[in-house]
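Next come two complexes built around subunit A: one with subunit B, the other with subunit C.
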Partner chain A sequence: MELAGLGAYALFFLNLVGIYAIMALGLNMQWGMTGQFNIGIAGFFAVGAYTTAILTTGPSDNWLGGFNLPFLAGLVGSVLVCLPIAWAVGRITARLRTDYLAIATIGIAEIIRLFFLNEGWLSNGTRGIPGIQKPFGVGNGGYLLVVAAFVGLTWLAVEIARRSPWGRVLRAIRDNEPATAAAGKDIARFRLQAFVVGSCIMSLGGGLYAHFVGFVSPEAFRPLYGTFLVWVMLIAGGSGNNLGAMLGALVVWLIWSSTEMLAGLVPTALIGSESAFRVFLIGILLQIILVSRPQGLLPEKRPPMPGEHRR
Partner chain B sequence: MIEFIQLLINGILLGSILALGAVGATMIFGVLRFAHFAHGDLMAIGAYFALTVVTVFNLPVLAALPVAMLLTAGLAVGIDQVVYRRIRRVQPVILLIASFATALVLRSFIQMVWGSSNEVYETGIQLPWRIGPLTLKPDHLLIFVAATVLVIGVHLFLTRTKMGKAMRAMSDNMNLALVTGIPADRVIMWTWAIGGALAAAAGVFLGMDTRLHPVMGWTLLLPIFAATILGGIGRPYGAILGGLVIGCAMELSTLIIPGSYKPAVAFAIMVVTLIFRPQGIIKGSV
Partner chain C sequence: MIEIERISRAFGGLQAVREVSFTVAEGSITGLIGPNGAGKSTLFSIVAGALAPDSGRIRLQGEDITGLPTHQLFHKGLVRTFQIPHEFSRMTVRENLMVVPARQAGESLLQSWLQWWKVVREDRAILRQADEVLAFLEISHLRDELAGNLSGGQKKLLDLGRTMMTDARAVLLDEPGAGVNRTLLGKLAEAIERLNRERGYTFCVIEHDMDLIARLCDPVMVMANGELIAQGDMATLRANPEVREAYLGTGISGGTGAA
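And then the complex of A and B:
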């Protein structure tokens, strides 16, 4: 009984790790490779989750539903809806400096959340959209395979991108923008591409999240869960390193889950609110990582140049 | 028309609260070259410090204000010494992430100490003054006067004292300022202290105007940054102007669109500024 419970928890845990790993990979494309400081992850996460929720649920009077599309169509929809949004955001912000980009993206995330909160006809407002099915009638175990497949595919795609000439240009922009411009690269265009690809990966993560949890509401897309944890994951794992991003997702989600137990041990009178205490701990943890090991668990390694032999 | 004037009054009130926050944010931005994402939560914690003084010592809010400002200034300097100072030389973006983490730590700290429910400084209804068809709460006048006094204080500090001049010099041209022997570390400390104190004042006024809530500062962060950018980064006077413009625009927008989209209005102004005049109204230094 104990073991079965533990197993069920492990499945639940690993599913979420996988979903966060996908988002961390998307962020790595933007921040780790290109140096774009996007703290609006929650916005793209929400777009993905709501799109698939609307596309795959049955008819309802409370929200725009009734498309009854299959799971994969929902995910494709998530990416397709995210595409023009990310393009528009990227277009406005591609030329901005890091701090402006940060402010702009957090604004967009908040506005997307406000939009889903206020446009009840579309998203059922604060009450959210329930009853999003897992594909093929699988349980958490079967869904883990689906998530694992998507993590694998995403990792393969971003790793190929990282080693490609395209990835080299992105890193060159990050490390030395004037030199890259002097080499004749259209910086704004490359930045825009990286931003759109990264955001669509985040949207895909949002879609998978919606099908896993089965319910979406604006509450889930507050900056804390949507944005902050993903950032801690990438920084802790090692930005610029795709394996590091995934390792970070695992480690940070492990720590985040265990703070729940830790918060359970400390008397409530001392800490007031359990969830606040957890956020407090994770915030302190990030500060410690930033001060003591800013390169993360797995620091970035430069991929071999074409024709270069590894010794 | 009456509605317009009433909204304008509300807008100026919100604008003066935003201006106080934006002056601090813009000075930190100018001297330290990073957007301080914990500024809104610094406002919130200042408001809660004042709440403790009000409830424990049974004082009026205005008497608690200096205490809250002092405590928050100390807190801001403390956070800088413990966290930001150590990573200042690495990369400015690391500072951004760290300030994001600070924001969450402060907010959860508020929830742990004071709880997550709404709080007010004084219970009971304040009878508004009626001037013809317009209404004005005595608190509103108080906030406006106190904000004006603080802004004049900042002006005098920046133009009359050596430290204020050093601060402006560092904001204008960091390298030149350092070559002339300005004590950078002390200027940075003063910047945090003043930024923290003004943030606390903004938080207290916001709490007087509406209510206290752990996310009260976070929701104003975006308008504050919008005011900072609109006014020109590193320009305290621009920040005041930007704050007033954003505050009025946010309130007046409710004539046309639902009030829940107010933050979006601030954001739209910011985006338009970034596209057409990225240096802000008064040419920014960064």
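And then the complex of A and C:
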């Protein structure tokens, strides 16, 4: 009985690791490869989750739709709806660098969350959208295979991008913008492309999340879960390294989940502040990693030269 | 080749460049000298599209290129280097060169995903080109080093190498010799001469090392206080009292020292 419970928990746990891994890969394209400081991940996460929720649930009087579309159509919708939103955000913030981009994106993510909170006709407001089905009637185990397939495809796409001449230009931009312009590259175009593709990957993660938990509400897209944890995952795992991003998702989610069990152990005086305590622990973890392994668990490796064998 | 027509630019109350006109002739290595603050680098930035002029025109082979952004000028055959080396520090020396070639199929993300075999084939050719440039500059042994680890002089060579990865016609060099030791400087000068002779590159060079200017450049333009005060070959300029006063010959005392 104990073992069965553990197995069920492992499936639940790994599904979320996979979903976070996809978002960390999206962030790696923006931050790891291009140096774009996007802390509005939660916004694109929310767009993906709500889009597929509206597209795939049955008709309702309480929110827009639903349209009863199949699972895959919902995910394609997540990406397609995110595309123009990310493009517009990218255009608006195109001239902002580092901390200014960070301020703008966190603001936009909160605008998106508050939009879903307040536009009840669209999203059912605080009550959220329930009844989002997993595909083919699978359970958590079957869904894990689906998530794993998407993690694999996303990793492949991002890794090919990183090794391509396109990724090389992004790294050049990250290192030195004036020299990249002097080498004839349209910096604004490349930055926008990386921002849009990275955001659409986050939106895909949001779509998979909605089908996994079966219910979306604005509560799930607060900056702590949607943005902060993904950043810790990427930095801990190894910014610029796609395997590192995925490893970071596993390690950080493991620590984050296990602190939930610690809740029973906190001293009486601290009861009620467990959640703050968890954030505090994650903050300490990040500090330890940054001091002892500043490049993360798996540091960035240069891509192989053409014709060179993979090392 | 590059016609600079009555270019002016002010920063607040400071008139950095005032009505400067001259022509960089096709196939020449034209020098641009003058004291610090003369407006040379500002003029360079304007020609290279990094700064907009307040007034005046720049023409490249007759075509008006005033105000075009840097990356578009690159595609018209005008490239620049920087006074302080601008390497891609966390990329290898080879990668620094491989970024440069224009119209790479693999710069399209879709093509990199859908036609990766074509992209890899093209990248092999680019790699060969990069290795040839490194051999030309005699820094092949550094090819897998991170560019950030190179010495200042080696970074200058790498800057020059990046201009060799293009179909450049005109190259603006901002102080290629600054911080470069004598041996390396000879190599750099030789590379510039060969590129001029063998590939037909036109150069415009800002430099404070008068030996390098005398060796490479003819004609030489002299700027002071934002204005063009003289032009000609170095021998003529050395004999010109105004040039000696402004730059070549006089100390801070204002006397007429030896050039």
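The working rule: the second predicted complex is superposed on the first by the 301 of 311 C-alpha atoms of A that agree within 3 Å, B and C clash if a C-alpha of one lies under 4 Å from a C-alpha of the other, contacts with A are read in each partner's own complex, and residues count from 1 in each chain.
Criterion: contacts are C-beta pairs under 8 Å (C-beta built on N, C-alpha and C of every residue); 3 or more make two chains touch, one makes a residue touch a chain.
Please read these numbers as outputs of a predicted model, since none were measured by experiment.
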Overlay on subunit A: subunit C relative to subunit B, clash or fit: fit
First, second, both or neither for A:80, with subunit B first and subunit C second: neither
Partner chain(s) touched by A:235 [first = subunit B, second = subunit C, both, neither]: first
Touching partner for A:99 - first (subunit B), second (subunit C), both, neither: first
Subunit C versus subunit B, contacts on subunit A by residue: B
First, second, both or neither for A:149, with subunit B first and subunit C second: neither
Subunit A as apex of subunit B and subunit C, Cα-centre angle in degrees (nearest 10): 80
First (subunit B), second (subunit C), both or neither touched by A:171: second
First, second, both or neither for A:72, with subunit B first and subunit C second: neither
Distance in angstrom between the closest Cα atoms of subunit C and subunit B, superposition on A: 13
Common interface residues of subunit A - those touching subunit B in one complex and subunit C in the other: none
Contacting residues of subunit A [partner subunit B, same complex]: 35, 37, 39, 92, 96, 98-100, 102-104, 106-108, 110-111, 114, 117-118, 224, 228, 231, 235, 271-273, 275-280, 282-284, 286-287, 290-291, 294
Parts of subunit A lying in touch with subunit C, wherever the complex brings them together: 157, 160-161, 164-169, 171-172, 174-176, 178-187, 193, 197, 302, 305-307
Subunit C to subunit A touching residues, read off their complex: 48, 50, 69-71, 74-75, 79-82, 86-92, 94-95, 98-100, 102, 104-109, 112-113, 116, 119-120, 123-124, 126-127, 162, 166
Subunit A-facing residues of subunit B, complex: 29, 34-35, 37, 83, 86-87, 90-94, 96-98, 100-102, 104-105, 107-109, 111-113, 115-116, 221-222, 225, 229, 258, 260-261, 263-264, 267, 270-271, 274-275, 278
